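Notes follow the structure.
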Amino acid sequence: MIPILSTLIFLPLLGAIIIFCLPPRLEKSIRFLSLLVTGVVLAVSVCLVMHFDPAVGGASNSMQFVEYHPWLHNLHIWYFLGVDGLSLPLVFLTALLGFLACLSSYEIKERVKEYFIFYLLLMTGMIGTFLALDLVLFYIFWEIVLIPMYFLIGIWGGPRREYAAVKFFLYTLAGSVLMLLGILTAYFLSTPHTFNMLQLGLSGFDLRWQIILFLAFFLAFAVKVPVFPFHTWLPDAHVEAPTPVSVLLAGVLLKMGGYGLLRVCFPIFKAAAFVLAPVLAMLGVVNIVYGAWVAFAQTDFKKMVAYSSVSHMGFVLLGAASLTVTGFNGALLGMFNHGIITGGMFLLVGVLYTRAHTRELNRFGGLTNSMPFYAFCLTFLSLASLGLPGLSGFVGEFLSLVGAFKPYPWLVVAAGIGLVMTVGYFLSMIGRVLLGALNPKCVPYVDMNTRELVTIVPLMAIVLIVGFYPQSVLNFQQEAMQGLAHLFKL
Amino acid sequence: MHIAHYIPLFPFLAFVINIFVGRRLKIGSAYLAVGTCVLSFLCSLKVWQGFLQGERSYSLGTWLLIQGKPLDFGIIVDPLTIMMLLIVSFIGTFILIYSIGYMHDDPRFSRYFAYISLFMASMLGLVLADNFILLLIFWEGVGLCSYFLIAFWHERPAAAKAGIKAFVTTRIGDTGFLVGMLLLFFTTGTFHFSDFQFLRGPEPVLTLAAILIFAGAIGKSAQFPLHVWLPDAMEGPTPISALIHAATMVAAGVYLVARCFPLFAAHPAALQTVAVIGGISALMAATIAVVNNDIKRVLAYSTISQLGLMMLGLGVGGLSAGTFHLMTHAFFKALLFLCAGSIIHAVGIQDIRQMGGLFSKMKVTSVTFCIGALALAGVPPFAGFWSKDEILLTAWNNHHPVLFAVALLTSLLTSFYMARLIFLVLFGKPRSELHAHESPAVMTIPLVVLSVFAALAGFIGSPLKEATGAYEGSQVMMLASTMVSLTGLGLAYLIYIRQMALPQSLLMSCQGLKQLLLNKYYIDEIYEVVLVKPILRLCQGSFSFDMKIVDGLVNGVANVTQFCSGVLRRTQTGLVQNYLLVQVFGVVLLIMWLLKI
Amino acid sequence: MIPLEHFCLLSAFLFCAGIYGALTRRNAIGILISIELILNAANINLVAFNKYLGTNDGLGQAPTVPSGQVFALFVVAIAAAASVVGLVLIIAIYRHAKSLFTEGFHLMKE
Amino acid sequence: MSEMLFYPLAASVCIFAGLAVTQKNVFHCALYLAMVLLSIAGIYFYLDAPFLGVIQILVYVGGIITLFVFAIKLTAHIEDKVIRQTSQQWVPSLMITGILLCVLFRFFSQNPWANPNLGKPTTLAQLGNFLMTNYAVPFEFISLLLLAAMVGAIVIGKVKK
């Protein structure tokens, strides 16, 4: 049968090459082609989800659609792809956000050809990261993501784009250098020298090495998740990135960190995970509370949403650190929901930015009259984001809190305080933007046009579906999380 | 056959239709909302009839897997739920009819009815939920609708702020509720209410869980520490204050405590806190209501006080007393708010000092207003007397003398401020030129219907009576509570109608106290200084910390590397002899090291 | 007999003088003169060691192997070649830069 | 040659070397260098290396010093004599050479040298024979080197039209 995973990864690359050959003046056809490519990728990922058999589980053969070919044989590097409950939702999320962000890339006017080449390269890197099961292949895709993102932020960004792009690049690179060292040491320490993640999981390292390697990998992922001390690149990158890029940045790149934690750090360095779990939980709660506090004081719309992402990913970290089935479920579902919700939020911020060319919250006011649809969507997504029960945001956070309550009850109480703050700053944002008297400067804003609506409505539909019936997503990931938590049952 | 879960679906349907096509429906959206509410009321009657024939709770299906165990959702059918269903849908219908008149010239007419339908759906859903999570979903839904409706006239910044204040304050309570729920889940292993009767003796952990769950009720029912949002919620339209902030939503807290009564009963410490908090709120709110001059704020504080009384009733172990008072209170408080609404609708101002002598101009509203006031004051034939008497009785029989005294004092103050309200608003000579005219029929009919119920509800008796065997009313207690109510009325009569010298001077003497009460014990200001300001400063501080320290560190690293490279660059002077000098120096060191000198 | 150390001390002094000269002379030719001094210091050592430690049979009978002197000879030859080329270079530089101050020669720096 | 003759020669070497290095006028330095070379030639004679002494006088003093004088005259500059001849870094270089000197002096004075076993002074014939047998290859190279130096000097020195 056709190698579905490879097509999923290299289709955007093919698209990028085709666009590369087109002359730059054919802007309309370039846009259409990239839309077509991302659409096909979405279709492939949907049929991947359809053919995925949720029942297959257990620690050993949990991977499906496996592709296992020798690549650099003498270095024991294999071209090893596979998907399981852990990576499936994230691959679908990447494909969906990729398609919607491509749709909303119509506002990019200058240098369209380079933009879409980098955009499709970015898609390849992202999907590859979620499917690679060989550490070197994982690292390669991890790096592939960096270069196009640097250019996307650096060229099409806002006023301080160079600073933000360089900061983003150096931050992530510093992290991934540590990861490279970790990969190599893992390779040499493992008895049958291998880069294969699954085999590494079986070969036991002694505790001291496990802790060192866990920390090495964790630092690389902590930069991406943004854990507290390493998060300052996120607001700058978000503020300066153009809307579709910041949708991908928030929707997918943050998940690569979380995914890495659940795929590499926890299963391979089990003993270290046991030892360091409380630290992770502590960092998670710091993320939640600190993200909420700082978001409260923001005046820039995008920066506020960026810090709210820091707060949300704190829940993911807390859920993962609980080392229980519910905790892992909460972490993964939290990542999926956060991708959908924050992706939607950034699209909405983009909608407002194309009209007002500013992101200062105080400049807006009383938009409900002039933009009723926009007001409805923004309120809906803000409520989902602040964790209103009945919408998807709540389910992820609730599962993480339930998972983490047993081992760390006091941290859950602190997270509760973070929740109240989240409600505070989101409602004050809605108050400033939508409610209040109509700001005279915002009179000419016309409501959302159909293209913008088409990008937002599917996200809101998913938020509603997952909110009311989370089992639809959960039974995909149940087996994988069971296998993961099983490692820590002993 | 199971139709209970359709009850919340009808209003939800109305919400969906109204929100999308409401604008075109114009008046149709109002009829749609009222129609679905009536449908829900009929279904509730059907469920009640089904309950009498022995139908019980049923499950709907698995929602989620937690710790491996499937968590399934279900519908609970028992006297308490049916009572709540009937009250909510009945009063809701009339309030909707009333608001057709009240809101008919509002630009966002259909959106108002959309939000009200969503509120009805969530409130009915809340009452039907059989486990904590489904209850929490509708609990927040109710909070959300109250936020939308308080901030309905969002042009007024005060309304927007009040909406946020309401949602955040209730959310603080809900966090406690969430933690309590988790604590309960991890000790008893279940979220379902039905499993409470298997509880054994009092465990400290469960007591803490019960108190935390009660925290959620405090937030929602605006009890003592978290009551600040209810008076500000009066910014919303009056039918909203009637429906949400008097009859239904605020009663959700009392409903929650009643629903988990076996849990509270098993832990006397938790029950005690419920009673104490109830008592404090009752007394405090009653004292504030005595001096307040805004008609809706007086009623808001009276609601807090009556809710405190219900909590006190539950706290002293009177499940039937508390719920009975909840039922009667829903009727007459909704009635009072609607009357206040029609007065405001007619007169345009809310300050009772400028009103006066409206009795002659607005006959129907005034009469219904008096009935409601007498019912609230606890004058014998009316509903309020019976339920309040039962609470006093339970408090006395369960040996809570202090709480009994508090309840008695509260009812005295209640009758006093209600009498004050009547005398200032309706009787006496008009203090300012007001052209008051009677409200249209669509507003007065609900008033009349509600007043009939406010009068007769007392004779229905507590719906949970046969379940928990309430005490038969002792004549002495009835006599005592009637005397208290009448003294309150008489005192107010002397002060406000006869302007007697002695009570006037008495009132003048305690100016300081009056000032304190006028400013609502400065609680708002205290919260502002103790909580809001420091949090804002904290956020500002953390943001600047983030910018300066964490970012500073990163940029610092960049600057340090730049500085070092600057220094190194200067060593390359280009003069051959400098390099030679350095070389020779190196050689000399080498020689010294080699020769070990 | 003059002990060998004296010759070593003499050549050490000459060597240091040459080094000092090379480091401080601002005139290119001055530097070359210092270099000559250094080379001669080396020569003295060569010849002195050849004389004092010449024979390898330890009895003083076998004829000393004149390797030291030969070496010194070669040093002189090379020194000559070196200074010739050095001087010509200096003249070329002088013709180009019109001055012999070593501070002037930092074209390599830019 | 008596021992007593060595010390004055050594003293003259030191003095003139000091002068050659510190004098402002380069021409005088060249002359002092000549005196140094002559004294060294004397020392060679004392060390039973007459041939080397002669070569020293012929090649060094005769050849190289005259070259220096020519170079100095070609590049003579009016204001040269006035400007300070030592570069501004003479203090550190003085210190370093001082340290070097002390180190060497301590080393030489400390270590007991093996007692000198003087062999018969080599005659010129032995030297020549030794040169032509053991050192034939270097001898040829030296001539090659000198030729290259000469050609190089002529090419660089040529005045471009």
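Per-chain residue numbering starts at 1, and chain names A, B, C and D are given in the order in which the chains are listed.
The criterion applied here is as follows: a residue touches a chain if its C-beta (ideal position, glycine included) is under 8 Å from a C-beta of that chain, and two chains touch if they have at least 3 such contacts.
In this text the structure is predicted, and so the values were computed from the model without any measurement.
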Query = Which chain lies at the heart of the structure, taking centres as C-alpha averages?
reply = A
Message = For the interfaces A-B and B-C, which has the higher count of C-beta pairs in contact?
response = A-B
Request  = Report the inter-chain centroid distance for chain A and chain D in whole angstrom, where each centroid is the mean of the CA atoms.
outcome  = 78
Message = I'd like the Å distance between the centres of chain A and chain B, where a centre is the mean of that chain's Cα atoms.
response = 38
Message = Counting only Cα atoms for the centres, state how far chain B is from chain C in Å.
response = 102
Key: Interchain centroid distance [CA atoms averaged], chain A/chain C, Å   = 73
Request  = Among the residues of chain D, pick out those that touch two or more other chains and give their numbers.
outcome  = 87, 89, 93, 96-97, 100, 104
Message = Where in chain A do residues touch two or more of the other chains?
response = none
In chain C, residues with contacts to at least two other chains = 19, 23-24, 102-103
Remark   = Per the touch criterion, the pairs are A-B, B-C, B-D, C-D
Note = Within their complex, chain B touches chain A through residues 19, 62-68, 133, 136-141, 144, 147, 151, 154-155, 157, 160-161, 163-164, 167-168, 171-172, 175-176, 178-179, 182-183, 185-186, 535-536, 538-540, 542-543, 546, 550-551, 554
Task = Using the touch rule from the top, collect the residues of chain A that touch chain B in their complex.
result = 167, 171, 229, 231-232, 290, 293-294, 296-298, 324-326, 329, 366, 368, 376, 383, 388-390, 394-395, 398-399, 401-402, 405-406, 409, 412-413, 416-417, 419-421, 423-424, 427-428, 431, 434-438, 469-471, 474, 478
Query = Can you list the residues on chain B that touch chain C in the complex?
reply = 572-577, 580-581, 584
Key: Contact set on chain C toward chain B in their complex   = 19, 22-24, 102-103, 105-106, 108-110
Remark   = Residue set of chain D touching chain B in the complex reads 87, 89, 92-93, 96-97, 99-100, 103-104, 106-107
